[in-house]
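Note that the chains take the letters A, B, C and D in the order they are written out, and that residue 1 is the start of every chain.
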Amino acid sequence: MINIGVIGYGYWGPNLVRNFAETPGLRLAAVADLNPDALKTVKRRFPAVEVTQDYTDLLNNTSIDAIAVATPVNTHFELGMAALKAGKHLWIEKPMTQTAEEARRLVDEAEKRQKILIVDHTFIYTGAVRKMGEIIKSGDLGDIYYYDSIRVNLGLFQRDVNVISDLAVHDFSILQYLLEEHPVAISASGTNHFPGTPENLAFVTLFYDSGVIAHTNVSWLAPVKVRQILMGGSKKMITYDDLQPSEKIKVYDKGVSFTDDPDEIQQMRVGYRTGDMWAPQLDGAEALKLESEHFVDCIQNSVTPQTDGVLGSRVVELIEAATRSMQNRGETIHIDIQE
Amino acid sequence: MINIGVIGYGYWGPNLVRNFAETPGLRLAAVADLNPDALKTVKRRFPAVEVTQDYTDLLNNTSIDAIAVATPVNTHFELGMAALKAGKHLWIEKPMTQTAEEARRLVDEAEKRQKILIVDHTFIYTGAVRKMGEIIKSGDLGDIYYYDSIRVNLGLFQRDVNVISDLAVHDFSILQYLLEEHPVAISASGTNHFPGTPENLAFVTLFYDSGVIAHTNVSWLAPVKVRQILMGGSKKMITYDDLQPSEKIKVYDKGVSFTDDPDEIQQMRVGYRTGDMWAPQLDGAEALKLESEHFVDCIQNSVTPQTDGVLGSRVVELIEAATRSMQNRGETIHIDIQE
Amino acid sequence: MINIGVIGYGYWGPNLVRNFAETPGLRLAAVADLNPDALKTVKRRFPAVEVTQDYTDLLNNTSIDAIAVATPVNTHFELGMAALKAGKHLWIEKPMTQTAEEARRLVDEAEKRQKILIVDHTFIYTGAVRKMGEIIKSGDLGDIYYYDSIRVNLGLFQRDVNVISDLAVHDFSILQYLLEEHPVAISASGTNHFPGTPENLAFVTLFYDSGVIAHTNVSWLAPVKVRQILMGGSKKMITYDDLQPSEKIKVYDKGVSFTDDPDEIQQMRVGYRTGDMWAPQLDGAEALKLESEHFVDCIQNSVTPQTDGVLGSRVVELIEAATRSMQNRGETIHIDIQE
Amino acid sequence: MINIGVIGYGYWGPNLVRNFAETPGLRLAAVADLNPDALKTVKRRFPAVEVTQDYTDLLNNTSIDAIAVATPVNTHFELGMAALKAGKHLWIEKPMTQTAEEARRLVDEAEKRQKILIVDHTFIYTGAVRKMGEIIKSGDLGDIYYYDSIRVNLGLFQRDVNVISDLAVHDFSILQYLLEEHPVAISASGTNHFPGTPENLAFVTLFYDSGVIAHTNVSWLAPVKVRQILMGGSKKMITYDDLQPSEKIKVYDKGVSFTDDPDEIQQMRVGYRTGDMWAPQLDGAEALKLESEHFVDCIQNSVTPQTDGVLGSRVVELIEAATRSMQNRGETIHIDIQE
């Protein structure tokens, strides 16, 4: 049995606590939060759990094996490092840290201490993203041409992170999961329409050496909510609409083909073909539940998490690079890949 | 009665010919095309119209008052200039020319000869875009924050122009029509997935001094067809879905607002409000019909066309700038505004 | 403070319990259910609430003022009558009873004892149905022509009630709420595709003396879920799509008009007009919360509930009549209106 | 080469003329219409075709082999019978005649004279309906449970036929095509909201001995246009949305299953399963073009048309029965099947 303590019971913490409490192999031991009202809520729902305003109580508690950090981003590094140094396995919310440098230091520390470090990129554990992964890995799409995502809605404006860190973060983690290569350059544009607030709208392009191009359009200022990804390959194409109650993933037997027919060359060299569409049944299990079980498995069997610190670090690198490009109106930022 | 001759009876020419033939005040006098089969089709449908493979026949015909150029883009400048020099009014397809320099020379020539020059940015004459114009000009949106467009589908790959010139051209003309200012910088990314073909996918951001940011996502390589624009202002927001059979334009009484409430400031400084949605009835008249009538009016009453050569030139400038930025992975291109 | 006891903690009971626990003026005193596991769940969530397998404990408890009955339909009458005879106010799930005769006896008993009797037709308390009521009562639709509803999905097959009782019940209650008149005849068709099970698919038409015609299409055997109502009037028309996350209600400025123009009469006598569409913002409050508060208000201030026993009885009459017609392949059943 | 004459150049006639003019094996010989303006239009578009106001000119013209009747329904029988008696093959618009008796007399006459009689139920020749036919005939749906259609929109009100004859006619022909059995009873309800006009809204149920139940909901008085069919079988289910630009037909691997598990029996005896969805690519050829080619093939090779007079007669029988039931508020009408 793995005893786990949770630091932070704000927006996302309650989801962690609820899932950890029901995960076989995990025992929810303690919750820390600065807000006494939050702790009262925990106590009412989980009378057996210890609560405290001082997170060091969790670090000092030798019966606790793992710590989950669900606090604002600017505290992730300090709390995560302290947890690792206290000899705990670490579950950390996304984005992992504010800087890639900090992220790499957490990865190094976890490695040195042989502790599991998982970053909570929940999307990777959804039935939809896992199905996309299966399809791509099977080769059904052929060569990947592009990834094109839109994540827009009205609000919620964040106080301390920009819309790239809040929404594009999902695309960055999904791209790391789906593709076998890393982007080599990035160009982003965006703006904050309200002085003194983080950027609330951004457009980010990622370039890959293979020719893949990826793009994400993120905004807190759209009148309608959209969560849609298009992916095109040389053989098939995928749409993923996360707001559909069913048939979220559709696979289109469509593509382009080249012709040497002189008549057609007159007009264009590329034709296209269309065929059936297929919407596979998706696993409806809650992503956070699967991720919690995966965390247990990683600790018990020394498995590397699917969303490990390396993946989490790369995501932070992309947020940093995209933000820098955005603040320079699209300036190309080259990304250093340290394999 | 204005006698008009049409050069080019390929993809778009038949639409011009059909409309011109039914426009009061216009008389369809002649059609020129290199392809004898095309001319046969014209003759069958319009027995009274003269046909020729030599476009100079139209220029030399002194009874012809106006020429419409509907040939490939790389011939626009030469044919348009010849028409103006022959003393004809000029209707020219979009994009107006290959280079902004050429476009400006056409504008100058038309001005010198006091001839009407209209660029066929058809979208500007649709009920949907005109309704957007009305709403914006009425001030109902408040300050404009952004314009965000997506125009993707599978095919048709063009042989000689890239996807910016083919699809983003619509957004550039709509932006020129809707906004009272010109972009000051542009950043674009995109790629051609097939060697030797023009770029088939592109993402373009336009920056304005007022803080407005505009973006268009264009592709010939998407499994589904999308034609959607979002526009946000300080008071209201608009969606425009061109593929809907009705309710193409929706106006949302939604927006963000700021708070000084200390509790909310804790979390964020920006709240949002939502209200009714309203889908105005649109004028269903064919855009090309309205544009043909407008052309007649411009010639008869010396009116400047809504899509005149100046607007057309600016669109070509934006295509040039976006293409240059795209070929440099998002490099910021500053746009020189010569009022 | 009104003490309330709940009988039945199966499918719907938990929703009642959760809402009652949070309704000002109500105190959740006790829960009865035959299933000890259900009671354990109650106790864990609401430690202060008394639980029992014997519902008569609730009736005999003189500190309890009101009883909610959330058991299978075939027990509604017996439990409801016992509650009223024990001097309790009564909240009863829909459909109110198995027969209209039973329903009327409950109404009489409640009246005799001056107790509040509310039937839980939750839909009536939704923002969408209340907005429809407002629009109709304002006269904006003009004369009502028709009501046309579809409620289909896959499963859940009920064991003891047919699909009319399960799904058409919503339309019957909404019609009673929206219209000022009662249907005078009914014709229904439907079938059970699986021997020994209740009818799983039905089509029901209700006729009104004013000329209004209402129809509902209900099924447990559809591959997609649909919840949609169309209503047409002489001035405007409404669509209500309950599965939309927003803009559930749309009001169309559309209608038909008559012509005396001899040319048009040649073809048809009726033309039509179309105008704007408007989607009003709806109150997003939880319907059950509003209904709980309304129940408190009714008890404290002797108000007649909006979904009182009379409305509930009429709904049961319609279920009875529709089921009888359905079992005779559409035979017209005349409905006796005892005002 | 088959010479064809067309009687009636009103709403549908122009589509016939255009298709016949382009069908290999057919020669469009003559068009008759009472309206001289219609004939002028024909002459302008097809200078070589003879036009006349007197349809008997076509019957008396011995070079004409086939007649298409595209006039108002109340003239179908007289014109069709005259054409057959003049020894012509007959193409007749739907519905075939006003009464089933008349329809059967046409069938008999065509048989006696060994002439081809095709009824223009165009829908049967669409890619979507043919694909449904393929799927059903392959057995993929299993046993058919139901057919549920909705065809509603605003206008066009017909002067001389009711909405069943105008819209439900499509469902009746599709059902005859898809199912191997005939309905044994019918129940319909509907109304005319405007005195002196035909019924503008109707709900029709068809009963089959096998247990299949079919329903169609038709209206000229809906604010939105809907054209949707659901079909359920024991193995799979289909949706057909005719207004979608692509993926009109979707096949769902969904169904219900029975359980003997005592725990589940407690609640219900029927469970359900869901699987993948599949949208087959459809043949996009114009239905009327295929039908014209089929007519040629039938004449040249003595083939029975897929939409022959027998099918057409059954459709008229169903219109008659449904209208009679509708006028008696759902009264069950038994249908006599004369095989």
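Assume a contact is a pair of C-beta atoms (placed from the backbone, for glycine too) under 8 Å apart; a residue touches a chain by one contact, two chains touch by 3 or more.
What you see is a predicted model; the values in this text were computed from it and never measured.
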Practice problem: Would you mind naming the chains that touch subunit B and likewise touch subunit D? | Solution: A, C
Practice problem: Averaging each chain's C-alpha atoms to get its centre, pick out the one most distant from subunit B. | Solution: C
Exercise. Sharing over half of the contact pairs with B-C by residue number is what counts; pick that pair out of A-D, C-D or B-D.
Key: A-D
Practice problem: Averaged over CA atoms, how far is the centre of subunit A from the centre of subunit C? Could you give it in whole Å? | Solution: 43
Quiz item: Which whole number of Å gives the spacing of the CA centres of subunit A and subunit D?
Solution: 53
Quiz prompt | Mean-CA-position distance for subunit B and subunit A (Å) | solution = 39
Quiz item: Of all residues in subunit D, which are in touch with two or more distinct other chains?
Solution: 274
Self-check item: subunit A residues within the subunit B interface of the complex
Solution: 145-146, 148, 150, 152, 154-159, 185, 187-191, 193-194, 196-197, 200-201, 203, 205, 207, 211, 213, 215, 217, 219-224, 230, 232, 237-239, 250, 252, 254, 256, 258, 267-272, 274, 325, 328-332
Self-check item: subunit A-touching residues of subunit D, taken from the complex the two chains share
Solution: 246-247, 253, 274-281
Quiz item: Along subunit D, where are the residues that touch subunit B in the complex?
Solution: 225, 243, 245
